[in-house]
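Labels A, B, C and D are assigned to the chains in the order they are written; within every chain, residues are numbered from 1.
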Amino acid sequence: MGGDDAVVQAARVSYGAGTKTVRDDRGLIRYLLSHNHTTPFEMAEIKLHVKMPIFVARQWIRHRTASVNEYSARYSILDKEYYVPSREAIAAQSTSNRQGRGEALGEVEQSEVIQRITSGAEDAYRNYLSLLNSGDDGGSGDPSKLGLTRELARSVLPVSYYTQWYWKVNLHNLMRFLQLRMDKHAQWEIRQYALKIAEIVRLWTPHTYEAFSDYQLGRLELSIAAAAVVRGWLRGELISQEESGLSKREWIELSRSMGRPECED
Amino acid sequence: MGGDDAVVQAARVSYGAGTKTVRDDRGLIRYLLSHNHTTPFEMAEIKLHVKMPIFVARQWIRHRTASVNEYSARYSILDKEYYVPSREAIAAQSTSNRQGRGEALGEVEQSEVIQRITSGAEDAYRNYLSLLNSGDDGGSGDPSKLGLTRELARSVLPVSYYTQWYWKVNLHNLMRFLQLRMDKHAQWEIRQYALKIAEIVRLWTPHTYEAFSDYQLGRLELSIAAAAVVRGWLRGELISQEESGLSKREWIELSRSMGRPECED
Amino acid sequence: MGGDDAVVQAARVSYGAGTKTVRDDRGLIRYLLSHNHTTPFEMAEIKLHVKMPIFVARQWIRHRTASVNEYSARYSILDKEYYVPSREAIAAQSTSNRQGRGEALGEVEQSEVIQRITSGAEDAYRNYLSLLNSGDDGGSGDPSKLGLTRELARSVLPVSYYTQWYWKVNLHNLMRFLQLRMDKHAQWEIRQYALKIAEIVRLWTPHTYEAFSDYQLGRLELSIAAAAVVRGWLRGELISQEESGLSKREWIELSRSMGRPECED
Amino acid sequence: MGGDDAVVQAARVSYGAGTKTVRDDRGLIRYLLSHNHTTPFEMAEIKLHVKMPIFVARQWIRHRTASVNEYSARYSILDKEYYVPSREAIAAQSTSNRQGRGEALGEVEQSEVIQRITSGAEDAYRNYLSLLNSGDDGGSGDPSKLGLTRELARSVLPVSYYTQWYWKVNLHNLMRFLQLRMDKHAQWEIRQYALKIAEIVRLWTPHTYEAFSDYQLGRLELSIAAAAVVRGWLRGELISQEESGLSKREWIELSRSMGRPECED
């Protein structure tokens, strides 16, 4: 629903006859986004049909300003579809980041991870089926089935199992989703979804996506103290971390982002 | 964006393969709405361009789950457009309802109301223009103009003046708007907007609108005590208001809605 | 934050000096709730610390108008705590309701269900630990551990495992949660949480809870057609389902709720 | 409800046992805010009773994620209280900013503005009273009163008239309000409210307010292109606006904020 044109149309109603100067659509969109005038971006809306592992769905649903209709495992049997990470995704716990992924595991360990995740998921599905009615797998008549209600039987399935939903969201809230989930701190799996959706947004609303890339995605945010340090550097001053008012972590981040790795120590 | 079909599509993803029995779209929509399964109705979305008096806009904006871009009187001069009630809308304060409208005024009083509202609005607009820049009315060069910033000059305009906005809302939240604003307790002016929008919804999503009319708009809500009274009546019992557990007001409301005015006393 | 008194205070600001007649707090709250004046109930707020199985958390989080901070299995190891239904909760799939629970299973089947759910959860946890770092269980140094990042290792855990969060919600939205989750169509497990929270609300805001019980929880909703049938019955008319305009299902529901089971056929 | 401690408590549940390193409360809050981890700030909540001109209320209400109960001019008569700007607030339209305030008007013009706004408000109130019932001003019995319903009579009052409401909001959304409304692009009148509320927040949640000041309020946001220019400057390069990829406006903004006014030309 809508696109770059709907954003522009909505922004222009605010300005009314006041917009005497002709600013082209692309320029207006860039102005809006760089100045955090976000409401016009609510005028475009998109609906996606997505299938993802339950642990990804649990992160995704935290974005509250969207509409969702999800497949219900109370009504229907879940298919035997589960997520097994590819080799490139199998890594150790990060040593510097408590919530992140670090070095890749060795090939032997990777194979072992794949094997254990797979066999856990297979065992769980067998357990799931054995709890259900014999009619639920097409009527095997298997007497070892317990006939438990679906809503309880599904409790044995791991969060690697796939669910699916319709997800409807406006462009403004979608950009907030992308900003958080394309970020390197997001879990690798949800980042893959975000990157794919970003491609869709780029095709759907090219001006908005370009402005989003320039002003939001790659944006550098400088605190008052950090900006003061940069101004000092530009005047040729030598500044130590202690003088800067920045924490050690902030000092390193600033030095790197400003291309001054030599300042790190 | 979407319509009855999008509602049905979203509901069916919830049921998954579980929907073995074929239920037609109309029946499914009626089932969803009568059982308060509201999320599928979020999948249809509509955008309206509306012009209304400021006092109506102030009631309208209380519906928070919508997207709005409004004309800005900080950017642009407001046109000389204000609301004057038609004769049918000019009534006295209700004697029974502190927030409502009662008997129509006499013709003489109606004429006087129209005259006073009109002259107040005209005076205010003259005042508005006189506070602004001489350039703001097309460059009259009138030296009596004070050159005040637009955002302050507009403070003299009454709430009868028109503003306008784009309003985008999903079907679920639109029905809640309609239910509150088509109600006889809503102010007459906003009710006219709601009635007009209801016609649009009827054309846009006919099954949903029909179900909405049957199950939501005309719905009778019986409290536990009220339902007990009706069951007693059906068994042929005589019940007094005191025995009923209902307040006097509730007793009268129930008697009327059940077609038993003789019970009122 | 706040309580019945905050609801009353907020309602009174709307009325301003207009509330000449003194209505007591209880009466005002009952009036507000029975007339769907919901905004004053947003003025009271509560925060709960809750622990629940992941499959319950997934239903709970669908209530979007609340604030949540959840335990993160990316940061920390999940404890070996999982949900095993008690015997009273172990039932077959409902034959009349595709999403519900029907007859209790036999004792032998119940024991078998408990055993299979338990052993599935135990196996999964063993698998989980074996994927993690050897340091993650207190430094066993066990060389069979694969050192996988926590955020991936957790993918093998079933949705019966417990998570926990802080949940903060206002009284209005809490009542909507209760209405949906105390309902007999809600899954038994989340209903237990809703019932426990209802007790808390009754202690916290007794007038509001009483009004909620009377007007919302036990409320009977009659569609236009259903109300017409009841009025006909009260006039002593005989009405068939076909004449009523109600579906078979609606006809049965109405007959039962009005104490006329003999009408069912 | 809550404060800095509630923010910290909520953040710590996310980390679970994972927070082995002891980080003090102030440090944790600074980390959360500088890394846009906003959900813990939803755990503190505040309620304010505010009186403001209608035109300010119309800007304020655009912040949707809050609870509001407003005085109703349908129930009660509005008092004769209206906003007249003080001399310091009376300024011409900005020449550089279509929605802003520029140079102060001369003293003579200021006096004239005050006089015209005042007399407009007084005239409107006389008109308002004359439309109402004679009972509405204490029973004057004045026969020239027309007896119009309050909800229509109020339509003649200007947006300079005061309304009042209870406003309840969580700390996260309050900071977004402050960021937008303390900004120099916000209308002067609402900025005065924001500045006063900022003082309250500073007393209520001192750590959060300090972090908000450092990381959000005074924050400098550099687009990808702008950051590249700064890195170039730090390497001693000469860069022209044309080479920079920045628009003229962006180039000037960057030069000023980085303390390089000589680059402006």
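FYI, contacts are C-beta pairs under 8 Å (C-beta built on N, C-alpha and C of every residue); 3 or more make two chains touch, one makes a residue touch a chain.
Just so we're clear, the structure is a prediction, and the values are computed from it rather than from any experiment.
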item	value
Of A-B and A-C, whichever chain pair has more C-beta contact pairs	A-C
Chain whose mean Cα position lies farthest from subunit D	C
Subunit A-subunit C separation of Cα centroids, rounded to whole Å	28
Distance between the centres, which are taken as Cα means, of subunit C and subunit B, whole angstrom	31
Length of the line joining the C-alpha centres of subunit A and subunit B, rounded to whole Å	38
Touching two or more other chains - residue numbers and ranges from subunit C	15, 18, 68, 72, 75, 98-99
Contact set on subunit B toward subunit C in their complex	15, 18, 27, 34, 36, 98, 180, 213-215, 218-227, 230-231, 233-235, 247, 250, 257-260
Residues on subunit B engaged by subunit D in the complex (per definition of touch)	53-55, 57-58, 61-62, 64-65, 68, 72, 74-75, 83, 85, 89-94, 98-102, 105, 109, 112-113, 116-117, 120-121, 123-124, 127, 130-131, 133, 146-152, 154-160, 187
List of subunit B residues in touch with subunit A within their complex	1-2, 6, 9-11, 13-19, 39-40, 42-43, 45, 47, 49, 67-72, 75-77, 164-166, 168, 170
